[in-house]
Every structure is written in structure tokens, then in C-alpha cells.
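Only one structure is covered here, and it is reproduced in the block below.
Order of writing sets the labels: A, B, C, D and E. Residues in every chain begin at 1.
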């Protein structure tokens, strides 16, 4: 049995069951373990098994990459359900699953209003994201790309914080609008291919060999780039992100920061660089400039925030600047750095959002001027927060540093100046991260704070897992590096993959 | 001798004789329920006989009616929509007081079918008028009498003007060509070169009016607002399909006149932008749907403008998507309305629907997302098809407007979804006690159509357009 | 066996740190202290064992362990790898042994603090990170430790976070060092780009082989130097260290005196081959070191806070080390590093004990006459002070300082072919520094321990605290005899240990050189005695303090400059960028500021955000416009139809 | 014996059509609007008859009959609505005032 | 061209103009009847006598009676002076008038280069029309019957609603 379609479909089916289960026992309190929560958990566990199967199973080499699934969908337009998996997608799916476990254990239990629907949307988002990571049919990719936005919109708009509606609208408008531009690019590529070969197909591997004139390929690449840049986000179009991250419920924030942003990076690697290598290399200086701008600008604005979640959101912009920088260095090293950075940023930022969410659950505020000195009251939570803040500021030995270093090194190969500027971003990262730590955790306790319970040890164990992953990424990233390398596009004659995947 | 010249598609026959039967039944004993049942039965029968016909095509080919896959498709779409609208209005208490409702609906459908099957100006024009007059009657069925009559009046005057313009154009065309065959007039000897274009433009103005393209769109929101919800759906769906079908035939059979390009371009841009921009500020749901329908016609015209092998798929899917999603929205709106409470016409009434009526809210947002072109609804694939056609023809300007329009559209559709997600300040009302099972069934069926159509749109892609538009190339170039 | 033991040196404190952190709140203070000391102690034992093993082998022997490959990407590779050679052996011994002593001391010192678990968690983590820094054979791996110690330093300076000043000091320390770290990172990037690896051996081989262009070498050296300067609080980064005294005293002793701040020295010593190729950087480093040592001494002379005096003295002593490094006598620098670790740790720990027993009073002028109340501590402090001052023959400081002085005397910077720089002026400065060192430290001794009794001493120094003090006393007095000036018995154990190939001998050095080095501290002692030591002191304070010295005493010279030049504008900028435009308008500070703040606000909200708002506004407006058209009038609608008709026909007419 | 050429017919029809259009545009009274509409429809019918004469085809007159039927229907419905609106409290038949349906 | 033809055309146009400029509805109806009669003359001259008959009988006869009936029923005999005064204002008619004039001019331009002599075919008799109506176009007749049915039902509903709504 092919695990790929199961990977995609399992979450949404489980979500449906969870929704139904949520209706079975409508009286839900935070303490009682309701049925739909268990359904979600079981779904994720089964998904993990399937993923393990996909990771360690012996693939049948029917496609260009280890995992392959194909089924005709709309033959008239050359559209098929094509799912392929290489190390990059696999590692990002693993990341998604870890994020989901994190959310399920730490963040979704707090939802009491329409919990079943919440979980359904949550898992539906996961379906969209996994589908995005797996699809190699451009139409299917776009389908999933759009699909993941809707449940996320619902999550933000219905369960978010005070200004959720505006944030959700903003989020949706930006991402969807840019998606339409990508749609045009996809169509442009397909039509160009059709004109030249007479074959109408949306197959990624076939389209990769489309001969394109420089101007056309630049145009098409820009179309893709804009969509991914909005998702990533790159600085001029990052506007949606702080609001969305701030207003989203904790679980949605984790998903947003943890994996949704990664789809942008994934898309850039898979579509910008691999489909249009020439145009991408010509565009690289601008993209790298944008990346550096993102690093500095994000860090700068993060420093000016009083809202914890907003601060974390801006720090995400800064980190994603590194990803952009790395992707467009044009070297394998930069790309690997970007991938590692994506994984590590997913873990660390998700951790931070969970911490921020826990603080908000307890204190009902996100304003750093109103919270402070939590260490005395909640040493465990504060310790976790400190750890993730350190990861965010790029402490060597944790995952972010590995990614940032590789990116910087690759950038230095290209040109030292952006590397130096990006490194300056690290100083700013230290400034905002420590500011946060010293405002929230290590500060004089505020008067008027009622005593609040610390996180339970069980939840700490979940945090600890994430921390272990981060440390692993930091000190032993080599397996991840080899594992998550995007496989090269197969030359027409090549049958099997070259890359080393387990 | 007469019979030889007559070619009559069977649905027309069935529907028209059905109307007679209904009249007879009404004369025998008035019963609203029975006439509804009768009408639906007739429509089902008509759907079943689509593709058959009575009589033969005259030898000289100058037939009044034509029958091919495109007409069959649009006819089915039309009749299906009418059935849905019947279901929607079945137990609507404002409508149920009058049994002529079903009759008028059937007459409107007959007009629409006449337009769909027409191969000649004459049945086209008569069908148009039957449809128009029926709509005038239907519009006055609402709870509120005065707005209904006002809407009917507006429609009457404006459609009269447009009919006159259309007729004048047809007359000019007839004068130029000496034939009422349904195609753009070509300059024949003896008349000025400017005459055929003038005739074409006048005909187009008439058609655009019915299609409610900007700047001929103004009647649509007012009429839809004044009409009861099912009638609004009828105006938004059936009359649009009925006019679009001959439009495709009209320009599909020949190469498009060169001057048409600019006009169409301008109209499309105006329509997309006008429809979307005006929808943006509506607080009235039905008006919003009216403007969104205008905008959708703009998108549809993009596909109409770009002949090619992708065109037929794009148009057919878009029509189906538009029909299913719009009908779905109206059906949900009808299901939401309570006799004493809110009727769902004002967007603010939808506040907190997700909490009070989760199912209604979910289906509604689903339909709206489909209209906005977001997966997994069929609207996504439809918009995709339109964009594909546009890209294939390098209509860059139109594509830009398509995207701008879509983004604006996204905003107002999402705005409704957002409103539904707002937690209501008041305690949620008790569920609608007047749950109408047939309406719920309709909503579910439409939802299924939207989902399944969105996930498996392959069936709708067959080339259905009049044969001349589809290039003769076969599908050998397609992988898989 | 060494391959197993070497990682254990890191692992032991790390495990101790984890255990202590995780069990926070469950274990008693005693248990925590025990675990921490055990962790560091095990590590010390192992390092002693390994040192013995290393010394028993041939001199060039080194223990290399590659734990696992870190990154292997085309064009670059890095390993988690450790090397124990003789240089790192010296350092590791210092770190673990001094660390152990300080831990033992701290177990007593921090016994009653509620945050003892956090304290020991950080301390042991620090030891682990420091060991990583020392042992790493890969520069990138070293960077883990480099940042790790910075983190621990931050956490420990801000240990008592109730006081905002403490956390501010902690952040300041982190930011300052972080800037240096970024420079260091850039240097590493430069080297990695040039050589494709950051393994020290590879890098140094590439540099000495001349594979790198001179500019790159100089640039890399300069960047690494900046990192080292920041870590070691040299000019221009010196301001963070005095503030860092906000942390608990054991922290100051371990991190801000004995080990972490010397990491820069150690790094440059490890990379001395690289620096040898970068003569201008070397000269710059020497000059900077000389200036720092002088400035630190001057600052120390006018402080009144006991711990701050020690902090400035640390800066000054680090200046000596940098001077030595700059002059190429890195062995001397390391030697001084070692002895400095001993006596400065001793001084800090003693000071801590004194302060604790004197009721947390740090002002030396409020202390006084403690000689009688705490004789043991007095002895220890005097021992440390004499070692710091370098009193000849009996103290370790004398030998190490002498080694530096002689090295500086002989150096000649060949900046260009014909133009060079002699080391003699630097030697003069260093000598002056030595005088000042003796002066300020004995000023401190005399004021605190002699004279009138100022405060009442309470309690006793616990056994846990006094044992380490004793050990350190011994070490700081006798630790220097392993290396002697040539004038004295030719004993070069230390330099032979480090660099057996080239014995550092200056047989031709004049004898007055050594004498000068020996006499100057004594002179300083004498002057201090004259000024402060006699029962009727000549003066309680440096004369003429009113005009010049006050700003110096405040110790805020550079602080003020930094504050004015960087911090305040930055804060202002941030303040402006976070301020709402409406708020600002209300304050009414004029139109110019308003405009500026508007600009800044825009920058904060993101210019694009603003544009988006504008665009929305435009859309609203454009949307309102057609609303005017849709006014419900049939005639109006019909007119539009007619207009459309006219337009269409016009197209035909005009075509 | 047609005295009108096709072109003359068109000329007349055009003028008539424009007058009708102007009537719809100018007048606010619904009754006048209906009458103007009738004028426009008549103009269109005239074109058909003229064209039928040109081609000597009965189709033109068939169309004329159809248009006549249309005009009758529109007038009937229109007048019904007018009567109804009048009865419903819009005593003036002004199309401009008292609009309930507007954007 | 016959003088009669010219006269008929002039009467048609003038009558139409009078229709749209009258203040009193009944006057307008009368002018409309005049217009229609003149138009019937024109139709006769075009050889369409059958159409002319229909025009007179149905249009001028039946439809106009409807108008008169409604006008009398609603008592619109007297002008609504307050409202109609505005009609005298150029502001009210200038714009639409200009628009209509432009449309007219453009149409005339399109028709302008009139060419070709008028063909002189035989008149189309009622026989021909009848053959067309019940031959080729029999279905159209049927359809038109539905159109009339639709109009009937609509009008019926609207009227009934009025009574029921009270």
C-alpha cells in the first residue's frame, strides 16, 4: 500500500471523526478528556506510523523520487494526483507532525467552545500542509496551497484573540491574492510547455524541462516568488504576519509559525530554484537583499513590540530572512542551511508560541508591561521560555545556529557584505530575545499578579522533546542535512534517485 | 408539409405541453402543492428527454432550433436550477398563497429553454421576452408588495428599452443579411460597411443587458432585492444561463468580428471591477449576491473571449460552478430565514450563525468560498479554468483584472464568513423550528455537487461547445 | 581510554547541570551543592588524569577525539571534535581546578539563597561550556562554548533579577560580548570560506602555508581580535565587566575573573600562528593591551567599591595578557592567565567572604580594620594582593608578569620593511601599570583591613568557604615557580611545556630589567603604605579628586560615551518608533518631531502596511463612487444603458 | 408600390427610435415611459417591415406581429403594475421619487 | 418619394415628439394614436398592408384603449403641476436629450452612406404572411402564445395581489 495518499487524507478524515465526536459529548471541560481529543491523538499516532512506514519502508522506485503516487484526476487537462516525496518533503512533514503533537498536548485542550470544529479545522490545515509538501502536480500543489488557508482562516477568525477578525481577513487576503499570481505563473509555465511540445500537463518533472526564454522564465519565476514571499514572509509583504500570529489561538499560531511559513520556503526551493535555476540566479541579488532586509527589519521591529506574540511574530520574519538568504545563495550549502533553519525555527518559535499561549491562558494578557517576574511563580514554564528564546537568538549548539551559520557561510561565499549585515541581525536578535526574557521571566515580579499554576510535568516532558530535537539539530544536524536534502531533478534518462535517504 | 419544416427539441415540447397540463389542472382544481409537484415532474421528464427532438432539421439548414451537446448541457443546467428553485420555494408561505407561481416559473423556464435551443433570432427574442415577462410576474411574489412592484416596474422599463435596442439591432441585421439566422451580420452588397457592426453592437447591448454586464447592470441588484429569495436565485441563475448559452452560439459559430475584441475587453474590465467594487459596500446579502453575479459574468466573459481547446471546459465548469454555488447560497439563505425572525437578507443578521446554526454556517461559508474560487469547492477549478484560458491567450490585462477582482471578491465573501464567525452578543436563538426537509436535502445535494465537482471536475471538461469552436484536434496530446 | 575520558570532562558538569536544573525545588541546598561540586570535581579529576597521561607521552602528543561529524556539506565540514594538547591542558586544569574550588566555596556561600538550584545549574553549565571552549579542536565547535559561557554569564550576572539594575547589567554584558561574537563569527566565516574548514590544524596550516592572501589573514585576525576583545572586556568593550559585578561573588570569581574573560586570550594563544602572520593586528593588539592595562589600573585606583576595584584590576591584568599576545609571547600570556586565575579568584572569593561577613557592605571606605575581626581572610587577601601586585619572588604574579615584561622589552614590530616599532615604550607602560597595580591593590588592602574598624563583622567563614581559599592561597603564592626569568635560575618548565621546540630564553637581557620588574611593585607597596597604610594616614583619598578624578572614579567614561553615542539614540529611535502619532501630537513637542515621529511610525507599522491602508481607503472611496450611480432611479439606469449604446456605436463610428 | 426605400425606412426608424429613447430618458412619469417604450418598439418593428420589403420576405412581417404581441404584453403588464403601485400608496407615478430599492 | 410618404414620415416623427413632450397624459395618448396611424400609412407604403392593418387595429385600437383606460382609472387627466413644472427646466431634459441625440447621430452615421436603389418588389400580402406564420414560423406563433400567457398570468397575479394585499 502506498503511504502517500494516506498521509494526506488521514488528518482530514480524522478531523471529520473528531468533529462528529465533539458533537457526541458537547459538555466539554478542560479537565475531562473528551472523545474528540482522543480521536485527534489517535489520528496523529496513526499518521506517525504511516510516516514511519514512508520513511523507513523500502520504496518501489516507480517515480523519480523515493515515494511516488500517481492517479489520473482530470485527464483532459493533464492533471493528475501526483504525490512524490523526497527528503525535503519528508523532513518537513516530520516537523509538521511534531508541531501537531505539540499543539495537541499543550494547546488544543484549552479550547472549549466548539472543540470538535476546532480540531477538525486544525487537522484540515494539516492535510493542506502535508499535501503541499507532497504534491508534484502543479495544479494539485496549488489546490493544497489554497486549501490550507481556509481552515486556518477559520481557526483565527473564530478562536482567535480580541482583534481576530481583521487579522484573519488580512491573512487570507494577502496569501490568497498572492496565490492567484502564482496560479498565473503555473498556467503560464504549463501553456508555454504546451505550446512548445504539444503536451498539456501539470507534471512537475515534465515541466522542469521546459525550455524557456530568459525573460519568460524570469516572469514566471517572479510569479512564484511573490506567492512564496508572502507566505515566507519577505519584508515588504510581511504585513499580514504579525497580526495573524498575534491574534491566532495558540495552536494556530504554532501551526502558522511552525509549518505554514515553511511552505513558503519549501516552495521557493522546489519551484523557484529547481524549476527556474537561471532566473533564480539572476534574481538572487535582489532576493538576498530582501532577505537581509527581512533579517534586520524583523529584528528591529521585534525589539519595539510590547506584545509577546507580536514580538515572536516579528522574530519569525527575521528568521525567515535567513531562509530566503540561504535559498538564494545558489549553493547547496545555503539551501541546506535554509532547510535546517526552517526546521529549527519551526521548533523554537512553536515552543515560544506555546509558552506565550500558556502565559496568556494564565494571566489573560500578552502585554509585556503587565507581566513580569514569572520565574518565581512558574519556573518550568520560564525555563522553557528561556530555552526557546536562546534558540531564537541563535545560541550555538541549538538548531537555529546551525542553520544560520550555514546560511551565513554560503552567503559569505557569494558576497561578504550581506553576510555581515545578516550577522548584525544576530546582535539585534540577542537584544529582542533578552528583552523579552528580562521582561517576562527574569524580572522583578509585578505586584498584583495572582498566583498561577505552573505547567504540569507531563507538559514539560513535551517541551523537553522539542528541546531535545533542537539540541540534536544544533549539535548533530548531519543526519538531518543528508536526510532533508532536496533531491535533484531527475534527468530524463535517470530512473532511480541518487540522494542518500534512509 | 408543415411538419417537415418543424424541428422541435423535446424539452421544449415537454415543458410547453406541461404548462398546458398545469393550466388544465389549475382550472380543474386549484392546489398549490399539486402544481408544484406537477411542475417538477414535468421538468424531470424534460431533463430526461434532453437530446431527443420532434421533427427533422430542414434541408436548407435554416432551422429555428438547434440541438447539440452545448444546448443539452445548458438546458439541463437551466432545468435543474428551476427544480432547485421550486424546492426552495415549496413551502415559502409568501409564495404558497398563489398557485400561479409554479406556472410562471415554468413559463420562465420555457423562455429560457427557447433561448437555449434557438438558432434563429426569432425564438431567441420570443424566449427572451417570455422569460422577462415571467420574471416581472415572479418578482412581485415577495412578502413586501411595494418593493416587489417597484422592482417589476424597473425591470419592465429597462428590459423594454433593452428589448427595443435588441430588436432594432436584429432588424438592422435582418435588413443587411435578409435572414434571421442567429449569427453576427456580415456586410452584404448594397449597404454601408458600418451597418453590420452597428447591428451587432445593438444586439450585444441587448444581450449585455440581460447578462447584466456593466454598464447595463443596474437593474439586477434592484430587481433581486425586491424579489423573494427563490426568485432572486432564478434571476441570478436561470436568466444568466439562458442568455449566455445563445451568446456563445452567436459568436461561436463564426470568427469574431474584429471590433468586438475591444468592446468585449472594455465591458469585461468594467464588469469585473464594477461588480466587485460595488459588492464591497453592500450590507444587503441579496444585493451583494447580485453584484457578485455581475462580477462572475465578467469572469465568464473572459473565457468567452478566448476560443481554443480549453475554452469549452472552462465555460462549462464555470457555469456549473456558478449555478451550484449561487443556488447553494440562496438555498441556505432560505433555510436560514424564519417566518417571524430574520430573513437573512441583511448580512448583519448572519452574525454568530456558526454558533447557533453550525450546519447552515458551514454550508454557507462553503458555498461562498466556492464562489470566491477557493478549494475544495468547484468554484476553485472554475476560476482555474478561466485563468488557464486567459493565460493561453495572453490576455494579460484581463488577467490582471481577474486577479484584482478576485481579491476584492475574496474580501466581501470572506467578510460574510467572518461575520458568521463573530460570537453573537445575544444568546443564540433557538434553532429554526420550521426546518423544511426538502430544503435541507437540497442544500445537502448542492453541497455534494460543489464538493464532488471540486474534487473530480474531470467529467465536466468534455468539449460541449458548438462544434465549430472546439478545434478539431483530438486529445492525443494529453498525458495520461 | 583517553577517548572516553575526554568527553567525560564535558559531560560531568553538563549532567550535573541537568540534574540540578531538573530537580529544582526537590533537592535541598546541600544536595545541590554536592551534585554540582561532584560534577566539576569529577571533571577536574579526569583532567588531572588526562594531563598526567599527556605529560607522560612525547611533547608533541595530543589527544584527539572526534565525537561525530557536525556538518558535512560540500565546501565545508565541521566536527564535534576535541583536542587535548598542552595548551588546552593548561587551560583545562585551570578551569576545572579553579572551578572546583569556586564551586566548593559557592556551596557555602550560596547556601541560603532560594535560587541555589538555578545558580548551580548555570555554574556547572558554565564549566561545561568553558571546557568545550577550551578543548574544541574546531573553531566552530569552540564557538558553542564561546556563546555558552556568554549565556551563563548573562544568567548569572542577572541572577538576582529582582533588581532591574542587575538584569540591565546582565543584558549589557551579553550585548557587548555578542557584538564581539558576531565579529568573531565573521572572522570564522572568512576563514571557513578561505579554507573550507574550521579545524584549527587545517586553518593554521593553510595560513602558515600562505594559502590565504595577506588581506584575508589580517582581516580574519582583526575580526577574531574584536571578538576576543569583547569577551575579555578590553578597550573599547571594557564597560560591561565592572557592571557584571552585580552577580554573586563566586560568579565574579569564576567567570569574570578566572576563566571566561580569559577566553579571548586563550583563543588568540591558540591561534598565535595566524596572528603571527598579521603583524599590524599584533601591533594594534599590543597597543590596545597596554592602554587597557593602564586605564584599568587608573580606574581601579579611584574606585571605592571593592568588587569594582577587582573588576577593573581584572581588565588591567587582561590588558597585560593582550600586551603579551600582541608582542608574540603568548606563552607568557598563558602563564599570566594561569596565575591570574589563581590570585584573582582568591581575591574575589576573599572579597566575597569579607563582604558577606561585613553585612554586604562593598564600599571600602565603610569597611576598615577588618584585620582583627577576620585574620584568616586578611591573610588570604594579602596573599592575593601581593600576587596581583607581583611582589618579587614570593608570589606567582611576579614570575608571570616578569615574563611578560621581558617579552615586551625584546619585541620589535616590523610593520613595514623599513619602519618598525620598538617594544620599549610598551614596556614602560607595562611597568607603570605594575606600579599602579601595587598601588591600588594595597590601597585597598590598607583601607579595608587596617585602620579604624568600620563595620562590625558577623558570623564566621564556613569551612566550605575557607578550604578553597587556602588552596588558592597556596596556588597564587607558589604557582609561579615553574617558570623563572633567565636572570634567576633558568627554569622554563612552563614554556617548555607549551612549546618545547623553542625555549623562550633571553639570555642577553639586562639584569636591571628583572630588577625593575621586582622593584616597581615594592615601590607601589611603599607608596600605598605611605598614603593609606600608616595609622595616621596621610590622606584618605587621592588628592585633587574634585576635578579630574571624579569622572574617572565613576568609572563611567566609556559608558557615558556609549550611552550618548549608541544606546540613547537607539533607545530614542525605538522610543520614537513605538510611539503612537496621536500621543506624540498631544505632547506637542513641535512640528519637526511630529513629522519625524510620523515617519518613524510608518517605519514601525511597515511602510507597506501604510500603503495597504491607503489602498483600502482608495478602494472604499472608489467603491463609494458607484454607490452614487446606483441611486434607484430608473431613468438614471436607462441613461446608463443609452450611454453604453452610444459608446459602443461610437466605437464603430470612430473606427 | 413601395414609396420608401429601405434606407429611408431606416432613417425614419432611427429618428423614431431616438425620440422614443429620449422619451424614456427624459420623462419621469411611468405612463409616459411606457408610451415612449411603445414608440421605440414601433421603430424596431418598422425596421423589420422595411427589411422584409427589401428582401421581399414575409419574415419581416412575422416579426412585426411578434413585436406587436410583445408590445401588447409589456403594456398590459406595465399598466397593471402602474395601477397596482398607484393603489399601494404611490399616487404620483414618478419613477424617480420614493425609491425603496437602491444601492 | 411621394409627398404622401414624406408627410406620413413627418407626422410620425412630430407626433412622437409631441408624445414625449406633452404634460397631460391623455394628450400624449392621442398624439401616440396619431403617430401610430401615420406609421400605419408608412407601412402601407412599404407594401406591408397586413402589418398596417394590425398596427391600426391592435395598436391604435386595443393597446391605446388600455392606456386611456388606465389614465382615466387613475384620474391622471390633470397634470401634476408641481412635478411637471420641473419638466420645463432644461436641466431635466438637456442631458438625456443630448444622449438621445448622440445615439441618433451615431446611428444615422452608420446608415448614412445610403446606397443602392430601392428594390421595387411586389407588396407582401397577407397571404404571404399567413404562409410564413403558419408554415415555417408556426412554432413561433405557439411560443408567442406562451408569451401572451405569461403576460396574462403576470398581470393577473399583479392585479390579484393588489386586491388580496389590502
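A few comments on the model shown:
The rule we apply is simple: contacts are C-beta pairs under 8 Å (C-beta built on N, C-alpha and C of every residue); 3 or more make two chains touch, one makes a residue touch a chain.
Computed from a predicted model, the values in this text were never measured in an experiment.
The chains touching chain B as well as chain C are A, D, E. Chain-level centrality, scored on Cα centres against the all-protein Cα centre, points to A. Summarising the inter-chain layout, the chain whose CA centre lies farthest from the centre of chain A is E. Relative to chain C, the most remote chain by averaged C-alpha coordinates is E. Of all chain pairs in this entry, the one linked by the most C-beta contacts is D-E. Between chain A and chain D the centroid-to-centroid distance comes to 65 Å (mean Cα coordinates, whole Å). Averaged C-alpha coordinates give centres for chain A and chain E that are 70 Å from one another. In terms of their C-alpha centroids, the spacing between chain B and chain D amounts to 26 Å. Measuring from the averaged C-alpha position of chain D to that of chain E gives a distance of 5 Å. Residue positions of chain A with contacts to 2 or more other chains are absent. Looking at chain C, residues 626-627, 629-630, 632, 634-635, 638-639, 642-643, 645, 649, 652-653 sit in touch with two or more other chains. Looking at chain E, residues 96, 99-100, 103, 106-107, 109-111, 114-116, 137, 140, 144, 147, 150-151, 154-155, 158, 161, 165 sit in touch with two or more other chains.
Applying the touch definition to all chain combinations yields A-B, A-C, B-C, B-D, B-E, C-D, C-E, D-E. Remark: chain B residues 1-2, 5-6, 8, 16, 19, 23, 64-65, 97-98, 100, 103-104, 107-108, 110-111, 114, 122-123, 126-127, 129-130, 133-134, 136-137, 140-141, 145, 149, 152, 189-192, 194-195, 197-198 touch chain E in the complex. Interface residues of chain B facing chain D in the complex, by the touch rule stated above, are 122, 125-126, 129, 133, 136-137, 140, 145-147, 149-154, 156-157, 160-161, 163-165, 167-168, 170-172, 174-175, 178, 180, 221-223, 225-226, 278, 282, 287. Interface of chain D with chain E (complex): residues 1-12, 14-23, 25-29, 31-32, 34-36, 38-39, 42, 45-46, 49-50, 52-54, 56-62, 64-66, 68-77, 79-84, 86-88, 92-94. Here chain A touches chain B in the complex through residues 72-78, 80, 114, 117, 139, 142-144, 146-147, 149-150, 153-154, 157-158, 165, 168-169, 172-173, 176-177, 180-181, 183-184, 187-188, 190-191, 194, 198-201, 203, 206, going by the rule given at the top.
Remark: chain E residues 95-96, 99-100, 102-103, 106-107, 109-110 touch chain C in the complex.
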